[in-house]
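Quick notes on the structure that follows.
Note that the chains take the letters A, B, C, D, E and F in the order they are written out, and that residue 1 is the start of every chain.
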Amino acid sequence: MSIVVQNIERADQSVIDELAKCGVATVHEAQGRKGLLASYMRPIFSGPSIAASAVTILAPPCDNWMVHVAIEQVQAGDILVLAVTSPSDAGYFGDLLATSMQARGGIGLIIDAGVRDIADLTKMNFPVWSKAICAQGTVKETLGSVNVPVVCAGELVNPGDVMIADDDGVCVVRRKDAQEVLAKAQTRLANEEEKRVRFEKGELGLDIYDMRGRLAEKGLKYD
Amino acid sequence: MSIVVQNIERADQSVIDELAKCGVATVHEAQGRKGLLASYMRPIFSGPSIAASAVTILAPPCDNWMVHVAIEQVQAGDILVLAVTSPSDAGYFGDLLATSMQARGGIGLIIDAGVRDIADLTKMNFPVWSKAICAQGTVKETLGSVNVPVVCAGELVNPGDVMIADDDGVCVVRRKDAQEVLAKAQTRLANEEEKRVRFEKGELGLDIYDMRGRLAEKGLKYD
Amino acid sequence: MSIVVQNIERADQSVIDELAKCGVATVHEAQGRKGLLASYMRPIFSGPSIAASAVTILAPPCDNWMVHVAIEQVQAGDILVLAVTSPSDAGYFGDLLATSMQARGGIGLIIDAGVRDIADLTKMNFPVWSKAICAQGTVKETLGSVNVPVVCAGELVNPGDVMIADDDGVCVVRRKDAQEVLAKAQTRLANEEEKRVRFEKGELGLDIYDMRGRLAEKGLKYD
Amino acid sequence: MSIVVQNIERADQSVIDELAKCGVATVHEAQGRKGLLASYMRPIFSGPSIAASAVTILAPPCDNWMVHVAIEQVQAGDILVLAVTSPSDAGYFGDLLATSMQARGGIGLIIDAGVRDIADLTKMNFPVWSKAICAQGTVKETLGSVNVPVVCAGELVNPGDVMIADDDGVCVVRRKDAQEVLAKAQTRLANEEEKRVRFEKGELGLDIYDMRGRLAEKGLKYD
Amino acid sequence: MSIVVQNIERADQSVIDELAKCGVATVHEAQGRKGLLASYMRPIFSGPSIAASAVTILAPPCDNWMVHVAIEQVQAGDILVLAVTSPSDAGYFGDLLATSMQARGGIGLIIDAGVRDIADLTKMNFPVWSKAICAQGTVKETLGSVNVPVVCAGELVNPGDVMIADDDGVCVVRRKDAQEVLAKAQTRLANEEEKRVRFEKGELGLDIYDMRGRLAEKGLKYD
Amino acid sequence: MSIVVQNIERADQSVIDELAKCGVATVHEAQGRKGLLASYMRPIFSGPSIAASAVTILAPPCDNWMVHVAIEQVQAGDILVLAVTSPSDAGYFGDLLATSMQARGGIGLIIDAGVRDIADLTKMNFPVWSKAICAQGTVKETLGSVNVPVVCAGELVNPGDVMIADDDGVCVVRRKDAQEVLAKAQTRLANEEEKRVRFEKGELGLDIYDMRGRLAEKGLKYD
């Protein structure tokens, strides 16, 4: 059955905004190394570092009809997360849809398929993380669903989950865990800053993390 | 048999120049969604958006002898399109050959194999769409052919066909269809501009394309 | 057995510095077309062109413990070369380790696995050539070795070998061959400059390299 | 947190047994074309066609410790479904573990990683669907979890879900849907039998499915 | 435009039957090393060695409607050759369509996409060479064409061309060249038989092909 | 420089023969989990389990000239190990070369490229582990070397090293280590037999390997 779920819960926007500052690698560590989408998901241009609530799309191969349906469900600050029912590298999304997204306050796209109009999307500063870049268009023949749980690039994403995305890739945080993960991430960042100062002075990780004893115990030999 | 066809027909240059402005995604749509090379063909640097007549090369694996032969056949505004008889990621082409191409007015390369001297080619603003980047050089031992029909990255390319290439990939237009495809592409662009204005104002694709009735008819439910 | 070899020989730094100017493609040719790492090894940002002595790491999958051990062995001008005992795209290396490397004079990383903190590494101008970009972190549970011969991206690398890396990829030169390879590379460069001038004037490779006779002999036909 | 859930619900065994007879392609169709694992999941030998309740494992890369933990949770007729927290092709499972599985009534393995001892597993008639075959062993250093929801080869699998697997691949059916999906699958099979008789007589799908009118309407031309 | 070409020319059946006996590797050599489909095209079971006239299909991604249309065009001894307009690994073809093919005398399928019902197709001894095995079904929504030239797995195939397929892969021979290629292939086979006798006796290729002089001339050293 | 090393040392044949009985997985473990070739190396038919001394070949892409040179160096019981200087999936080896190998007592081929005549090689019971199956032939234009150290599928292989190969893949054992590795492998096998008996009785790995305490200590919870 094809369905559009219209009312989804979102995490607190202030939490989302702070998660954006933490970045994917830190958030992924902070929540116990889970939620990372497959490493083939790459940004179409370098630089963006965002966090946003997921409006999810489950789409048939080479059919972007549901993207139009989904955009109506987008609120300011949301991101589209598109999963497919069969692998496809076709270009589901281009500059017109990005214009529509921006007009409604949507801030990006995460898509386990292809995207096109790269030059325009870059000029518009509309970030996309995708599996492929491909000029091949899609049809509007078969229904899918909007705001149902999907598996995108190997990870389960529920509508309203928080997506963190930057040059390192994409990570999903469960909506209910967002506050707690943020706290842990911020602790990590503070801790990293302290470490960075010591590294800059030339101290070694071997000493900062007190590894020498355990290495010797495991049997590491120096020659 | 190895052969070099010296006299090939080209499309009208003014048509080619206008096709360059349309871009790959639009041209591909305009000609009925055909002619797109495989999405693994990527530009070595972002930005270029070109159209040019194909001088085709059928080359043995790891052997770039025919590139030298082909350059003699290049006229101002042409692009080389290299296909291989067996898959290879070797670097068939570098800055010296690009210098030769530019000296003769050639404007780029589309190659279903590897290319090298990326930093120099970027400085020279010589665009290449390739399957791989690889410093591995090639030999000059085995003949191939120039200006014969080839299959490059999954698409048939005839000498004199028009290649459109930009950040979205590469598309081939049959020489005889170029004028007609251009007309259709320009119509699409005009149409898209009109749509863009409506999207910018916040109108939805659901309404712009009048999709709601058909979606309901197909059984889409809202919850 | 896990071992850290502490005293390795390095090539002369002036030779290394000159090799950096030659670039990967030229060096690879100059040493008889060997030593090129697999073409999936890509720079995380464009532009760097370096040469450095290899401090090698043999690491377990998803375990970056040995990176800390290796950094202690790094001298000014060195580069880390990390090979894995089983394929992994995890992010073994990020901005803190890069800070540590830079504090000790290390100038880069070549890794047959993943790397993360791409935005920070780019800001720090710390070049990395990797198989993958991935925010997935690693553990510190299992020993590996430092400064043993490793196979990285399909090529044997000994500690102290000279790594050349730029936008074209990565090439390894045996420490003992460095001087001789440099001489050959410089000869090639001089030779290429001379050729470039002729190409710029519009001369063809067919004539510069005197190919027409041999092509005819092999049976190439013009139509 | 690492956890082992000990009491999971399973579908009715008689339903599972009947699903095995339907096969993956039919079950996948019957439940609305969802639940199919990625097509890179291949059987290590041809022939097996099974259905079983999933005992799920979430395992670290190159670490099979949790397999031992999971086998204790296996009941007669169950199958192990192993997902990884980071991609790995290492061989997590071999003939000893298969012996242990068979001793406890376990009937197979579905693993989004590697398996080894292929010759022995084949002799034992112990079916495995895997992403890779690899002699590389694993360690027992890091915890994972057993009987938690996992994403295996792109699909969400809950403990107790029914896995259908044959030469076509692997499909997951939600435990609660098993009865209903079976009914639909059996209807499809009956329907297919009827169709098969007509096809054997030489009737065309064009007529059996009454397609000619709709094809003409869509604009198909005969030449 | 979608079109079905109903009258295609075929090569002489006796020539086709003899080509089947020559095998792919020999035919590929005999026609000058061209026409080989990409090596990812693999048989679903070992053993078949066939030759047949191509009935071609150009199909949309995940849509097998045109297969039904094409089967009506199949004559005894023909093979279906399916190319897609966008990459897909979906299962376009299963046991019912194979039943229909066999009822009409069709002898196999070559498909640059997926196939399913492997166990049944094997029992029916219906050979398929495909890019993927996948239980994912397809829809019947979008038109394609039948008996137009297509690019399948990297090679141009015209309707009526002769497809040779065995455990080594798939090769296409132009209809008009079939007779001539057969003659050359048979000559090669005879020649190979003679060579085989000499190899069996322990003679070396170095002597049989008189290579020692040329090797020395090229500079091969023995140590 | 191209060279053929004629006198290589081999491990003791009785040791080699015993290693064959141990299998790849066991040998790989026994020598400390090193020496395993990449998992893309697959047997062309199931069943063979062999060990043999390596006669190595370093070959140019798509050029099998050196195979002929190498066969002259083969002694009874040897195996060819072919590495390439640039990736290729071409078919370097077929039934005539296999005939030549068998005539001289050679027992197989390990090739980081393609092979052809699969049906014949299977009938001849000539085992091959390859990266690809491909009917594409090769040329005889460019020299390589025989019996030099090569990197094959990611592992260093020296002439005279012992190759172990079976359905699990391929492993290399240094010639000098062969005796010692055999002893360790045999110990492992004996140990495994003992374990197998316990597993067959239904004992769990958790108890056989006494894992429960350490799991609890690491924090595993049961629910």
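Here is the rule we go by: contacts are C-beta pairs under 8 Å (C-beta built on N, C-alpha and C of every residue); 3 or more make two chains touch, one makes a residue touch a chain.
Quick caveat: nothing in here was measured; it's all calculated off a predicted structure.
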Practice prompt. Report which of A-D and B-C is connected by more C-beta pairs in contact.
Written response: B-C
Worksheet item: Copy of B-F's interface among B-E, D-E or C-D, judged by over half the contact pairs being the same?
Response: C-D
Worksheet item: Approximately how many whole Å separate the CA-defined centres of chain A and chain C?
Response: 31
Response to the item:
Cα centre of chain C to Cα centre of chain F, whole Å, reads 28
Worksheet, complete the sentence: Taking each chain's mean CA coordinate, chain C and chain E are separated, in whole Å, by 42
Item to complete: Provide the list of chain E residues touching at least two other chains, using ranges where the numbers run on.
Response: 1, 33, 39, 85, 87, 89, 136
Fill in: Touch-based graph of the chains, sorted into line, ring, star, complete or other
other
Worksheet entry | Touching pairs among all chains present in the structure | A-B, A-C, A-D, A-E, B-C, B-E, B-F, C-D, C-F, D-E, D-F, E-F
Discussion item. Under the stated contact criterion, what part of chain F meets chain D in this complex?
Written reply: 23-25, 28-29, 33, 36, 39, 42, 46-47, 49, 166-169, 171, 192, 195-196, 199-206, 209, 211, 215, 218-223
Worksheet item: What does chain F use to touch chain B in their complex?
Response: 60-62, 85-90, 136, 139, 141-142
Worksheet item: In their shared complex, at which residues does chain D touch chain F?
Response: 1-6, 45, 65, 67-69, 71-72, 89, 91, 94-97, 99-100, 103-104, 114, 116-119, 122, 132-137, 140, 143
Worksheet entry | Touching residues on chain A, where the partner in the complex is chain D | 1, 32-34, 38-39, 85, 87, 149, 151, 154-156
